[in-house]
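Here come two complexes built around chain A, the first alongside chain B, the second alongside chain C.
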Partner chain A sequence: MTRVLDDTLYALLLFVVALVVVFLLMPLVITIGMAFDARDYLGNFPPRALSLQWFKHFFSDEFYMNGLTTSISVAVASTVLSTIIGLTAATALAEGRFGYKQALNTLFLSPLVVPSVVVGFALLLFFSKIGLYSGFLPLLGGHVIITLPYTIRVSLAGLVGIPRSVKEAALVLGANEWRAFFTVSLPLARTSIFAAAVFAFVFSMDDVAVSLFLSSVNTYTLPVAMVGMMRSHFDLSIAAAAVFMMVVMTTLMLCVDRLSGVNKILAGD
Partner chain B sequence: MDTPSIVLELRNVVKSFGAITAVNGVSLTVVKGSIISLLGPSGCGKTTLLRIIAGFEDPDAGDVLLGSKNMVGMRPYERNVGLLFQDYALFPHMTVQKNVSYSLRHRGVDDAAAKKRTAEMLNLVGMSDFAGRYPQNLSGGQQQRVALGRALASNPELILLDEPLSALDAKLRLELRTELKRILKTAGSTAVVVTHDQEEAMTLGERVVVMEKGKIMQVGTPAQIYECPQTRFVAEFIGRSNWFGGTLGGKVGEHRELLCKGFATLLIPEPKGGHNVYDACIRPEFIEVRSRGQAAGENRGGVANTIHGVIKEMMYLGSELEFIIMLEGGQEIIVIERNSRSKSRQRGDLVTLSFMPSNLIVIGRE
Partner chain C sequence: MTRLSRASARNLFLLVPPLVVFTFLLIIPLGNVLDQSFRHFEAGGIGASDYAPYTLHNYAELLDRAYFFYFAQTFRLALISSVISVILAFPIAYLIARMRSHFWRGLASGALIAILSVSTLVRVYSLLLTLGPVGFGRPLSLFLGLSPNSATYTELMVLAGLVYFHTPVAALILIGTIQAINSRLVEAAQSLGVPLWKSHFSITIPLSLHGITAAFLISLSVCVSAFVIPLVLGKGKVLFVSNLIYSRFSEVANYPSGSAISIVLLAIAIVLVTVLPWLLSYLNRSTVAA
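Our next item is the complex of A and B:
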């Protein structure tokens, strides 16, 4: 009797998992399908013929390309800054000899908890207060802030994974703390640091909420351009843009996964 | 004759962590070329002492002299001390060669000299053929050798070994014990071995320092520590022991009577100190076993203590037999006999035990 119950529950479990998979994949499948639609108007799924016209449209549209250029420059700059600042903060948290480390750690991760709309609005107020209205620098600042929790977290995971004895070995063998960091800790944490950089890049490219507040007429990111496009004249170039973003992000994430395992990093150990 | 120079001197070293005093007034000198063992149970302060000598911890009070320079407040890289870590702590991203030459690169040795010294060290530890390998592709014993070569490369004034053999399996441990001693002697190193394993301490160390609760209990050669422990703690910590407690009786020849309540009067060597109650200890291998009624064997002429008992448990260990014997008073003792195949003993056999008074260790009860 109990066996029947167990089997039924197990079947139910598989069913729920299958539902979740379908629910997660359906929107992606529809978006990808529609991006290759040969029709000129927004028709029903699935498309009857395939074409690359929406991609051509996407890559030749000045509005999109301007957004893409901004997105990439902001993402590259914020990745560099966020990785360096994140590594510095993580080193302090891993090696520092001071109190309130836990509190500091929580503070560093707080942008994860605060809704990005709030961060965006607050930053808008802050930047206009100091005379920096929208534009590249505010966008960069915003993106550094939203990517920092990831770069700190991921590089910290790499640094704390280094056995204490290995770092002590470097010291007792005659390397000062500075050299021990560069010859032992840094090389041993390099995969994590690389992963941190990729995370920063991906989350910067992906952001809408903060960018929406900090964009201007001339300086806006690709996701902001997509939102704008959706409001003004909705067509399937948005799907093409989405597919393009998806391909870039997935490729990057697969790179990191190959190197160190995204799941391991997200689980935090 | 010139006296050997002192490499390490600890003067009244004290170190506390919060309410716990890990090291409580330790003074010790180590002369050039000697190997000493710091032996004690976990939490006795030996590891803290090692970390103080290496420079990872600063003592709250006292001095740490290396050569004749006071090292208190000096960082680890400002001293020339080698450390063999318990987990070896090899750099996983460097080859064996790079691991061994690490200290040379950071202590400003020029490239040619460093290369020569690295080759010498790899040869000394027998790892020349593995110079290009990464640590994760080496066995535990090989990693141990590389770690030792790395620690010795900068020719440290003193080398510290933290539980050097505990991470290895039993067979490899025996092999490396001899090898470790040979390497240290060849390199002319002055070494401090920290261990909780008495066998490791006695085989590696020419002198053994027994520690408990942050204090040194006794310093001596392995034989002195084993045969003449000065406290019950040392006697019980090193080797196995059987204890008989009693009050002093009259003098019998050169011996003294110990009146053990309930089962026997033992003859003991004349004890020191004016205590009322004494504990006498006999090591299991110093007790001779014979079947009840059988005449005493080659009893080297002297007076022997004789007690009776019955075999309660028997363990066959190959080279020796271990018995738990219940004495007439109900006390149980451990006896070890060499396996000679001619004697067959069984559980329940009545036996007579004898041991020489001179083999008894007598300690006054506080």
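Our next item is the complex of A and C:
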């Protein structure tokens, strides 16, 4: 009797898990399928014939390409800034022995607590107060502040892992602090620093909320363009854009995973 | 100068760039929002002028029933979706945590991470397609007896979106918790004649309670400040507090009111992320002590 009940419940459990897995994967399958749809109207899934027309549309549409160009330039610039500033903060946190270290740690991770809409709204008000109404700089500022917690955290994880004795050896052998940093710490932490950079790039490309506030008619990111298209003409060029983003991001994340294990970073400390 | 003090001088120097960035891109802008939230609203221009008088009106307004509705809606949907996410995540996490093969366990949690690494907007759009016109929108709404354009169906779509995003996160948190539980405890209960389902309810679930609370709180705090999910799936019919802030900017250009809502949302987020976990662990400790 107990066995029967146990088995039934176990079967039920497996059924629920299977349903959830289908629920998690189905939308992505549908989007990928629909991006290759040969029909030029919104038909039902699955497509009857396949074509690359929506990708052609995406890559030849000026609205999307303008967004993509801005997205990539903002992502590259904010990645460079965020990685360098993150590295300086992480170095100070890893090696410094000061009392307010915990407070600084909290400050540096705080953008994760502030809802991104609030960050976007606050930056919009601040930038217009100082006369920066539109263009590249507001977007860059927004992306630097939302990616910094990740670059600080990831490069800190790499720097903390270096045994103190290695650097002390360099100091004993006569290297000064700077030289010890550039010849010992930096090369040893390079995997984490690279991972930090990829993270910054991915999170910058991914952002919607902050960019939506800081975009203007001529300077907007690809996700902002996609949101705009979802509202105005809902066609499958958005699916093609989505598949494009999926391929780029997945490739980048696979790179990081090979290097350092996304697992550890997403799971937190 | 001694070597130590030179090192700490260098550290202070290294802290300059991040501190400048955090001051100008986070602290001053948030301080400005706090200031704006107490200013009297005058139409025109971005933000109230520096001479606008101070008032509590922007906060008092939020107590109005129309505003309260949005806060209630946000909380209700965030709460329901967090509960559903944790319930759906538990069996998945259990199956993964108890996998014998190291390879399959890695692959399964890798798949969860892969889903999480897909861009937010891409996932939201995928759900919109799936639950909307080209996917299962029509059969699903017919099955539920709702019109695909009704407010209830839209609300269900937002709910599905929140669950879609937070089930994998909750599962990843719970895998670690469940792995830490000694599986012999359940085996021992079983060998003493307790049915398997009962031993799970009296052993596995109570022992993973801290993981369950953590997963629930993380999901709740992220859901409460959700923006993209209700923006796209809510189609203007379901508005979260975040969307209200956005509409203060994009539609009515009432910045003092948007500031007041921002401050309230920020306060809620801080309470959910810092105070609540602390309170729970405190209560936990005191019950253990008692």
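Keep in mind that, in the parts below, the second predicted complex is superposed on the first by the 245 of 269 C-alpha atoms of A that agree within 3 Å, B and C clash if a C-alpha of one lies under 4 Å from a C-alpha of the other, contacts with A are read in each partner's own complex, and residues count from 1 in each chain.
Note that a residue touches a chain if its C-beta (ideal position, glycine included) is under 8 Å from a C-beta of that chain, and two chains touch if they have at least 3 such contacts.
What you see is a predicted model; the values in this text were computed from it and never measured.
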{"item": "First, second, both or neither for A:138, with chain B first and chain C second", "value": "neither"}
{"item": "Which superposed partner A:67 touches (first chain B, second chain C, both, neither)", "value": "neither"}
{"item": "Contacts of A:104 with chain B and chain C, given as first, second, both or neither", "value": "second"}
{"item": "Touching partner for A:158 - first (chain B), second (chain C), both, neither", "value": "neither"}
{"item": "Between chain B and chain C, more extensive residue contact with chain A", "value": "C"}
{"item": "Touched partner set for A:149, first chain B, second chain C, both or neither", "value": "neither"}
{"item": "First (chain B), second (chain C), both or neither touched by A:242", "value": "second"}
{"item": "Footprint overlap on chain A, where chain B in one structure and chain C in the other make contact", "value": "171, 177"}
{"item": "Complex contact set, residues of chain B against chain A", "value": "54-56, 75-77, 80-83, 85-87, 89-93, 102-103, 106-107, 150-151, 154"}
{"item": "Residues on chain A engaged by chain C in the complex (per definition of touch)", "value": "2, 5-6, 9-10, 13-14, 16-17, 20-21, 23-28, 30-31, 34, 42-45, 84-86, 88-89, 91-92, 95-98, 104, 107-108, 110-111, 113-119, 121-126, 128-129, 133, 141-142, 144-145, 148, 152, 171, 177-178, 202, 205-206, 208-209, 212-213, 223, 226-227, 230, 238-239, 242, 245-246, 249-250, 253, 257, 262-263, 266-267"}
{"item": "List of chain C residues in touch with chain A within their complex", "value": "3, 6-8, 10-12, 14-15, 17-18, 21-22, 25-26, 28-30, 32-33, 36, 46-47, 88, 91-92, 95, 109-110, 113-123, 125-130, 133-135, 164, 167-168, 172-173, 176, 195-197, 225, 227-228, 231-232, 242, 245-246, 248-249, 255, 258-259, 262, 265-266, 269-270, 273-274"}
{"item": "Chain B contact footprint on chain A (complex, rising order)", "value": "163, 165-166, 168-177, 179, 183-184, 187-188"}
